[in-house]
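I'd like to ask you about the structure that follows.
Note that the chains are named A, B and C in the order they appear, and that numbering of residues resets to 1 at the start of each chain.
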Amino acid sequence: MTASTDVPEKDANGPMLAADGTPLKKSLSRALRVQKMRALALVAPLLIFVLVTFIAPIGDMLFRSVENQIVSDTMPTTTAALADWDGTGLPPDQVFEDAYYDLFVAAERKEHTRLGSRLNYEQTGASSLFRKSGRGLDDIGEVYQDQFEDLDKNWDEAQPWAEMMGSEDWLAKEAAWEKGSRLPKFALRDGVEELLPRTAAQYAIFAGYTHNEERKSLLKEEPWSAVHTALYQDLSTQDVSGYSGPHAEMLKAAAALVASPDFETVSFKDGFGEIDKDWLEPEIWQTLKLYAPKYTSGYFLNSVDMKLTPEGAEARPENERIYIMLFKRTLFMSLVITCSCILLGYPVAYILSNLPARKANLLMILVLLPFWTSLLVRTSAWKIMLQQQGVINDVLVWIGLVADDGRLTMINNQFGTIVAMTHILLPFMILPMYSVMSTIPHSYVRASKSLGATDWTTFWRVYFPQSVPGIGAGSILVFILAIGYYITPEIVGGTTGTFISNRIAYHISTSLNWGLAAALGSILLAVVLILYWAYDRIVGIDNVKLG
Amino acid sequence: MPDTGNSDAFVAFERVQKSYDGETLVVKDLNLSLPKGEFLTMLGPSGSGKTTCLMMLAGFETATHGEIKLDGVSINNIPPHKRGIGMVFQNYALFPHMTVAENLSFPLEVRKMGKSDREAKVKRALDMVEMGAFGGRRPAQLSGGQQQRIALARALVFEPELVLMDEPLGALDKQLREKMQFEITDLAHRLGITVVYVTHDQTEALTMSDRVAVFNDGRIQQLAPPDQLYEQPENSFVAQFIGENNTLEGTVAEIKGDHCVVKLDGGEVIDAKPVNVTKVGERTRVSIRPERVEYNKDRLQEGAHTLKAKVLEFIYMGDIFRTRLEVAGNREFVIKTRNAPDQVRLTPGTEIEIGWLPEDCRALDAN
Amino acid sequence: MKRTKTLLATTALTVAAGAVSAQDMANDMTLVSWGGAYQTSQTKAYADPYKEMHPEVNISWDESSAEAVAKLRAMNEAGNITWDLVDVVAADAIRLCDEGLAMEYDPEELLAEGDDGSSAEDDFGDMIVSDCFIPQIVYSTTFGYRTDMVPEGADAPSDICSIFDLETYPGKRSLEKRPINNMEWALYCDGVAKDEIYDVLATPEGQDQALAKLDTIKDSVVWWSAGSDTPQLLADGEVFMGSTYNGRLFSVIEEQDQPVAMMWDMQVFDLDGWIIPEGLDDDALARVKDFVKFATDTQRLADQAAYISYGPARESSAPLVGKHADLGIDMAPHMPTDPANAANTLLYNYEFWADYRDDIDAKFQAWLAQ
């Protein structure tokens, strides 16, 4: 091979060519692509891990803070109907009717109490209102169910209903169904939808529920009372005299019953009022209307001490405001803790970095020692140390600095939280400081002194500026850890030393208001990101070194 | 002025000892004085105590015993920043968070010098090292040689009378190093400053210094101007440490004034100049520089002893030829000859005779 | 009504299932409880004897009851229920039931008859506060105080309102860091009649009134969040009096022999019991049902009282309560339900707090943070 075939050649006016004649650029990008693919393959496990365990949960959390589908999913027709309501006074009767059918199905599915819990975050009392209504709604339907049943036993039987409502084709399949196989999809009989629109719709819902969730045959399951209510409504408006399908006589008799003056009826509104008079107040309907959309800003408003009202966002009453104050306190205390860590950690890191490696390693073990004991134990130890009958107070009383009846309160307040958290987070400050300081050559200090600088000037003008990246890294680490700390403030924080994270934990595990917890968490995340960004702008993230 | 052996000494070490662990001395009874304006190099292998001496002079190490005087005043208890000694470090030690100009301005600032004065001096110092255009850069943006110049300028900007340099050229490549060697000596002489220079590179020591102190084992082995050091080493350590050197071991057979006869261990007899030997029968190690060995019989002095040698290897090195011989059982005997038109190129395997002037062959201690 | 019919149907089905041999039951069972002495009492009274009868069964414990509601919700969302039986307080059982996370059950079918022949439903009576809740014990939140810290000349505190009497009884008090119980006590001691407490507390004015009353002692209160806090604070002499669960106080007084006494006045009764998570597979469910039937029978509930001073939730168990297993003392006088202790009590109003918890808690926390 001669040298000339190895070297990329350039045509008189063409692109650079590789040895095999392909354009050099193409050849290069192919070579690089292989490299990139290999690099990607190497990071893929971690990337997938991070995506699955970190990015996805965070995304899920961000989503929960606005998600509100439970309202419209549980009460679809009601929320649609409420959209047209102007929000003053009571909603029109149609809304009560929709609410009856929606809630009836929700109660069967045991979803109404969930919705009640959800709405209770916005309106006190919604929880028991919905729980109560789940049982009470049966009373409305039973008024009709009982009368139809008294007229003809068949109205409370599964088979006649199925024959009346279902198509012949479907009936045949349903009858042939055996346990274990797929249930045939319910199909309405021709014409029944026009004749008995509400009944058909309600029966279809019942059919879907029985088939899909109960996995039972419609020939065995008698419909629930909402279907009877719908039948009453249909019979009072529709003319069934022309009907000639199955059980025509039974239907016509029922129509006659409905038409008779003795037939007992309950208006939906009265029925709801019977269950709980709160249903006759506009408030619950306004709340439903307000939280009908699939996505809500309500949680975020709650997290900044505001609330959603029909008139828009409003500040909460003074005696319920807590979150802004907690955010401020969390930031302030994290800052104090970070500063304490710098003050206490800097000299330690300095000494460590100036010791011979063997001694430094030994002392480093002492620095890391706290990591080897459980967080709970360390925090509880501080409790014993700092409490009024604790070690420190005992010593102070013993040496006479403090009177026995004037023992210092050092725990269950901000002071206790700051002390305990500074202790716990100190290693996170010392380690990056140490690793940065141990890379600062000793000759800088010597150079500075040889140039005539005093010890202090040397430290302040030469050593300190070079250790700043370590302080920066340690501070970011400690601050971000502190801002999300939860166990220690919970144990030693009392009332004035708790953090926003304690509220988040409360909403996750006790009040179960995960949406609010997610909103608070999202805000906390945003604050951290903003601070990080600000740090980058002011100090420069390149100036952060972990070693 | 109290007792100084040398009243015009600018820098003086008097019976200085240094120990780090209280058990072994790294500097043993050091006495050294140098006059103003001298360029003195401390040369020695690592661990020989030369850097410790420099650090004691700078004030970063304290002498365990003895006194260090600067301009006649003991500086043992003066902290480094008050000694007013300029220093250039091996890795330059330019402050990375300051610009070049700020680095230079730093010693002036701590001396509370006014801003305009500072700027003028910084500019002058930068111009002096031909780096006037680089004041705004950060050290990391400069090449090694440029950083070296800045370090030099910074050590000089506050006009110290004494400048210490701790292997300042160690990190540079060969060509640059040679250029800087010249520039530093030139600058030192121009400014009339006293320089104490530490290196383990003998070429550097020889080319730059007025005097060289060769350190080994915590002691100065020889303190002399470069030529004297090279040509008249006083002991076998110096002879071997400075330049290339051939040694042959034997016993002194006869001493006659500045001439002696040594009987080599293989039985051959050679002429030498007695340096460290005093009596007949003493073991000695004789040292001959490769370029002083002659194999052209015409050039050998009348009556001189000659030795048989066998050519082992011939290396062409451009300006010189380097030939390895086997002489009196020593297979590492090297001779260097200038590449001249009439010079013979020796072929391996041939047997020749070699010889030298007795005064070029120094009978030294056997250690 | 449809529900009863479904229930009947399931009853019929499970009666049939009950006839199936034990091989169809899962042999691994994960019980969730609170850890500590309480869990030990359950192990000794229920789990150990059950294992003796069924050596093939492995019972593992998970001490997660405090976070049971959140964890069950998370498990449910993930579609992977790993718990078989969960010990929760009644309020949590109601919430789990509301959320559809706990299984509704039929007491007559699931629970054993009382030893005295009464039906399970009658024997447990009002204790079944939710369709999902299987009651076990009655416990109370009440006060204990340091006998050595009672000021000279003053009577030992016997009235709940001595909590608010800083003049006669100076010193620190520990109260739970939540509104429940504290608000009721505050209103009661502010002159509200016992049967009107919840009506008053339902109004914003009533809430303010309760907080105002608490405000009078706020500076002297150490707020606790873990059940072990008050016993520790009392034992260390950090507080003069403090509220906690009566079982914890029993252990401080009788087991650790601390100079602490009970003040049963206005103790708040609460219930603790099992729930079966919704969505267990048939094998696991069969095993759990078998275990629950055993663990909640009259003798077992009475046995538990030998290890911890909580009252059995069955009426028929009360006469069977004997002596403490280690200390040998009679347990009946230490039961919160003992007539001498229960002269003046309050029953936790589950429905009220389900509704008002979020609202009042926000106000309470805002007040705390002031």
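Note that in this section a contact is a pair of C-beta atoms (placed from the backbone, for glycine too) under 8 Å apart; a residue touches a chain by one contact, two chains touch by 3 or more.
Just so you know, these numbers come straight off a predicted model, no measurement behind them.
Chain pairs A-C and A-B differ in how many C-beta pairs are in contact, and the one with more is A-C. Of all the chains shown, the one with its CA centroid nearest the global CA centroid is A. Chain centres here are Cα averages; for chain B and chain C they lie 89 Å apart. Centre-to-centre spacing of chain A and chain C amounts to 29 Å, using the average Cα coordinate of each chain. Chain A and chain B, compared by their mean Cα positions, are separated by 75 Å.
Residue positions of chain A with contacts to 2 or more other chains are absent. Across the complex, chain A is touched by residues 1-2, 66-67, 69-70, 73, 95, 97-100, 172, 177, 208, 211, 222-223, 225-226, 236-238, 351, 354-359, 361-363, 365-369 of chain C. Every residue of chain A that touches chain B in the complex is listed here, in rising order: 441, 443-444, 446-455, 457-458, 461-462, 465-466. Chain A contributes residues 108, 110-111, 113-114, 116-117, 120-121, 124-128, 131, 138, 142, 222, 224-225, 319-322, 325-326, 329, 384, 387-390, 412, 490-491, 494-496, 498, 503, 508-514 to its touches with chain C in the complex. For chain B in complex with chain A, the residues that touch the partner chain are 58-60, 79-87, 89-91, 93-97, 106-107, 110-111, 154-155, 158, 164.
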